[in-house]
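The two complexes that follow have chain A in common; it is paired with chain B in the first and with chain C in the second.
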Partner chain A sequence: MLINNGFNEDKIQSPLRYIWSIFKSKSIAVVAMWVIVCLILISLFASWLVPHSPLLQDPDKMLLPPYWVDGGSIDHVLGTDDLGRDTLSRLFHGIQYTLGGALLITFFVSIIGMSIGAGAALTKGVKASILHHLLDALLAIPSLLSALILITFFGPSYVNCLLAIALSLLPQFIRASYLAIEQELNKQYIIALQLDGAAKTRLFRYGILPNILEPTTTILNRLFTMAIIEIATLGFLGFGAQLPQTELGSLIANNMELIYLSPWLVAFPGLAIFIIIIIVNVFAEGLRHAVIEGEE
Partner chain B sequence: MLSFLIRRLNLLLITAFILTIIAFAIDRTILVHHQTQPLVQQDYVLQYFSYLWHIFSADLGHSALDQQPLLQRGLTFFASTLELCFVALLFSCIIAIPLGLLAGLFRNTKLDYAIMTVAIIGLALPVFWVGVMAVLLPSVWGDILPVDGNMSLVYDIPVVTGFLLIDTLFVTPEYGLFAFFDRVAHLILPAAVLSFFLIAEIVRLTRHSMTMVMRSNYIQTAYAKGFSRTKIVFKHALNNALPPIIPQLRLQLSTILSFAMTIEIVFNLNGIGTWLFNSLKTGDYHALPAGMLIITGFILMFSIAIEIIMVIISPIRRGSLYADK
Partner chain C sequence: MSSLLKVSDLCKSFKQPFGFFGSKEKIAFGPVSFTLEKGETLAVVGESGSGKSALVRTIAGVLTANAGDIYIKGHSIRTLSSQKRCVSVRMIFQDPSSSLNPKMTIGKILNAPIELNTSLDAKQRYQRIIETLKLVGLLPDYLAFYPNMLSSMQKHQVAIARAMILNPDIILVDEILTTLDISLRFKIVNLLLKIQQTKGTSYIFVAHNMHLVKHMSDQIMVLHQGKIVEKGSSEEICDNPQHEQTKYLLLTHQPDYRK
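Let's turn to the complex of A and B:
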């Protein structure tokens, strides 16, 4: 047998590529990733994907059950509510509000929080101390309470609810990223890099950032989960999305009085939230394991 | 020890100072926005000090709805919230700590995966939705557990400590144990719903800490000495695996409280969540700074207490007694 090792060059992959190749071998996590892609596509193109308008009322078809139950119709796959509006369409638009809002919050909070956390960890003295105490104070306010405070000032609306949740999740994220960076700063290779005379930005970009991937996935996952739960909670309490908007939590709240007539209307939005969170958690857990294996 | 205490109290004072400023800002903004009282033109610093003076003399103003003093009302409601949290915490510790220890001991086995699946499901279920579903239960299983309010209305319990479990036992002997059992029955479902989240959280923390301990060098040494696995786990690992969970859980306290507040609203319990919610809905905005001060004050005191307890029970933490930083 001809073995020609001369052409079989060992490719040294970049760390991110290596992590990706490990991640690809975890089938459940890859499935979760594609489901997330589908969910994001649904939330982007909800208006074109749905069979009916979420606000279209149909007096002939009120309170239909899902189609697999007796009396259901294939026209309305998940049934209709008390005004004959299609549950599936409302659910898709709900995912648009809830998932889209959570993604926006995660994106902005992670960028702002990471820069503040890094700034606090890399500076010493009065500035860091002031931030420390301010964060301690802000962390003591439960997120629901701070959301309530902000909404009292700005009035209840979907955008204000997103703003309030972002502001209430920001301290937690800053604290978590600060702790992760702080731990990294004590390592020997960072000190070596500092002795080489690396500036703060270079230190962060090449010394710290590649090494805090694992805690970052964990806190990002946590941030996203909390964002979804809080958007839905505020919507449920009536402080979030207002009536024509079909946010998942407010869907549950609006259908509360129908819970004995048609429990589906309350069950489906809750299940949707549940599935979104679980899928994201499975994906993040797979990613985290891939990062850990890649680092070892 | 004394210098440690002074340092902690110093931190507490600074944080409390920032929080009173926030509460003051909320209070003034409400005054400007909603014009509940005629504005007195005055320096903001002077106003702040008079506000601080009011806080120290335990006077946070009166409710615009029922003219009750806000602080007393808020504390009474908060006691019942704490009772809910405490019962849920007890409940979930009993279930979650053994599960987490098992998952940490048998890492990457089927048992571990099963336990972690349960934990992720507990984290993913939205609390208020589980609450709504639990309110449905009596219609499915018959009236086993009550789902409305703190207690049945037949009992008239005077407020002494605010903790109804204690009040029903000691203050009202004429009801015997019936009032107590009634209160317990009203607490079971909300506490169970709250413990969904808590169980997930505690299982995760316990598993992580147990794994870290089992990997450490002294456990390897104990294996090398030829100790049996049971002896290592119960004598060496448990002592070191459990204390680190407490400060981790303390960080989650504000999340737990905000979930408890949501659950109160769903189950119509008389807690601080329902109180704030109803006050805001009816336009009594002065409850907001009062509620904030009560909740954050509790969280601050609790954090300091936990830190002091940790120093007492955990030798690793005792180093912070002497270190400068």
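Let's turn to the complex of A and C:
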């Protein structure tokens, strides 16, 4: 059987594979991806990776600086705090709380938000209006403020803080996914699939979902970044993780009065938050560009 | 015996916002009535904005009519299930590069209508797909391809295959010839005529080019501002146009005029 393809070695790549091959050529984004994998591994296995228990106090070694500064000890690579607790161990556990919490929020909010957004976009009439405009009023309130309001109802604790942030980020996500799906619905191949007699679920699964990758990466990235910032902020304000939980924001808050004695204690958690957000954005932006190039 | 397709007093109007709260009805076309017999080709011509695309989309089921009725083999379209409607009326969209899902292989695109509308099993479906590809002149190798890997001609062939795969009675063709250059246009026209000969399908054609329309169609219907201004057999209309609009349309395709 003849075919124009002179060498039959060229494989037919599926769009996802093609996007992946473009993504692999973007070295910064690939590095960012591996850093994210490392961070996730750290947050999963923090208890086994850390050299000391994050709560182990050592009265002989209080306020040690990192080991590369004079007076530091290799036992405590990033130094210790005012009760002699190891900073590195506390940082790893902090990443577990902050990054892990943000991942959980992103996972649940994206599933719930996407299904409500799809339900609003794919139905018509009163049902769509209710789904679509139900949470619109909440959009007027900044999400951090609505999280604060919710947490005053629930009472401050780490789980309640995750719940409040998830609820406060949900309206934005519903709105964004609704807009993405709504735009897609006007495309001709969706109309053609509808004329084939496809039901809504099939339409969503095969027609819409593969074609909204680009807006989805953007809104997921925004959701994740917002979640990290809000967990850290609520922790800093004392509404999130409670002692002895070592969330990154609460680490900064607890060590604020020591900032002149030992600035490291504030600098490391702050740097960790900063690096996580930068790395995730570099990764997501690389992915988004790969998706755009792959769709051309 | 009732005719294959009978459209009676079909009307469609869109609501447009007007003023602060009011809305204004803008009539797309209608009332329009005509009939189509098996194996016939009806061409719908008219200037842009005359409602031809809206008419075709209403018959296909993309838009719903405000008034009037469509009968297929004597049954009103309101009483037919969407499956039966799919099997008897299929549409080819204007631009195949936007009407084929870029994330699905040709095989899956062609599989979807059979899977949704018939009770064939996977093997019979594959057989049907191969037959249809042969009908439009494509090799089975193309089944694993994605639409962006095909040339515009091949995309048109796939779009025709998707319309033909359910062996429909009527195919609605929405200006597919305008985006093609002249040699490919003839290829597609010949392909469509060949399919009509072998399968006895009826076409409703939306077109601009009066020469091609004369070549292909048995009947011509001229629309102007949503109303039928002239209707009749092709020779009659091309040789002896009555209405001003028809004369204009014929005039724009006179070779001397275009110099």
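As a convention for this text, the second predicted complex is superposed on the first by the 287 of 296 C-alpha atoms of A that agree within 3 Å, B and C clash if a C-alpha of one lies under 4 Å from a C-alpha of the other, contacts with A are read in each partner's own complex, and residues count from 1 in each chain.
Simple rule for what comes next: contacts are C-beta pairs under 8 Å (C-beta built on N, C-alpha and C of every residue); 3 or more make two chains touch, one makes a residue touch a chain.
Being a predicted model, the structure only gives us computed values, none of them experimental.
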Touching partner for A:15 - first (chain B), second (chain C), both, neither: second
Partner chain(s) touched by A:23 [first = chain B, second = chain C, both, neither]: neither
Which of chain B and chain C A:97 touches, first, second, both or neither: neither
Which partner, chain B or chain C, touches more chain A residues: B
Partner chain(s) touched by A:207 [first = chain B, second = chain C, both, neither]: second
Which of chain B and chain C A:178 touches, first, second, both or neither: neither
First, second, both or neither for A:137, with chain B first and chain C second: first
First, second, both or neither for A:283, with chain B first and chain C second: neither
Chain B versus chain C as contact partner of A:274, first or second or both or neither: first
Set of chain A residues, in rising order, touched by both chain B and chain C: none
Partner chain B, residues of chain A touching it in the complex: 133-134, 136-137, 139-145, 148-149, 152-153, 225-226, 229, 232-233, 236-237, 249, 252, 256, 259-260, 263, 266-267, 269-270, 273-274, 277-278, 281-282, 285
Chain B to chain A touching residues, read off their complex: 11, 14-15, 18-19, 22, 26, 29-30, 33, 120-121, 123-129, 132-133, 136, 139, 251, 254-255, 257-258, 261-262, 265, 273, 276-277, 280, 285, 288, 291-292, 295-296, 299-300, 303
Of all residues in chain A, those that touch chain C in their complex: 1-3, 12, 14-15, 187-189, 191-198, 202, 206-207, 210-211, 295
Complex contacts: residues of chain C adjacent to chain A: 60-62, 82-83, 86, 90-91, 93-95, 98-104, 108, 112-113, 116-117, 139-141, 144-146, 149, 162
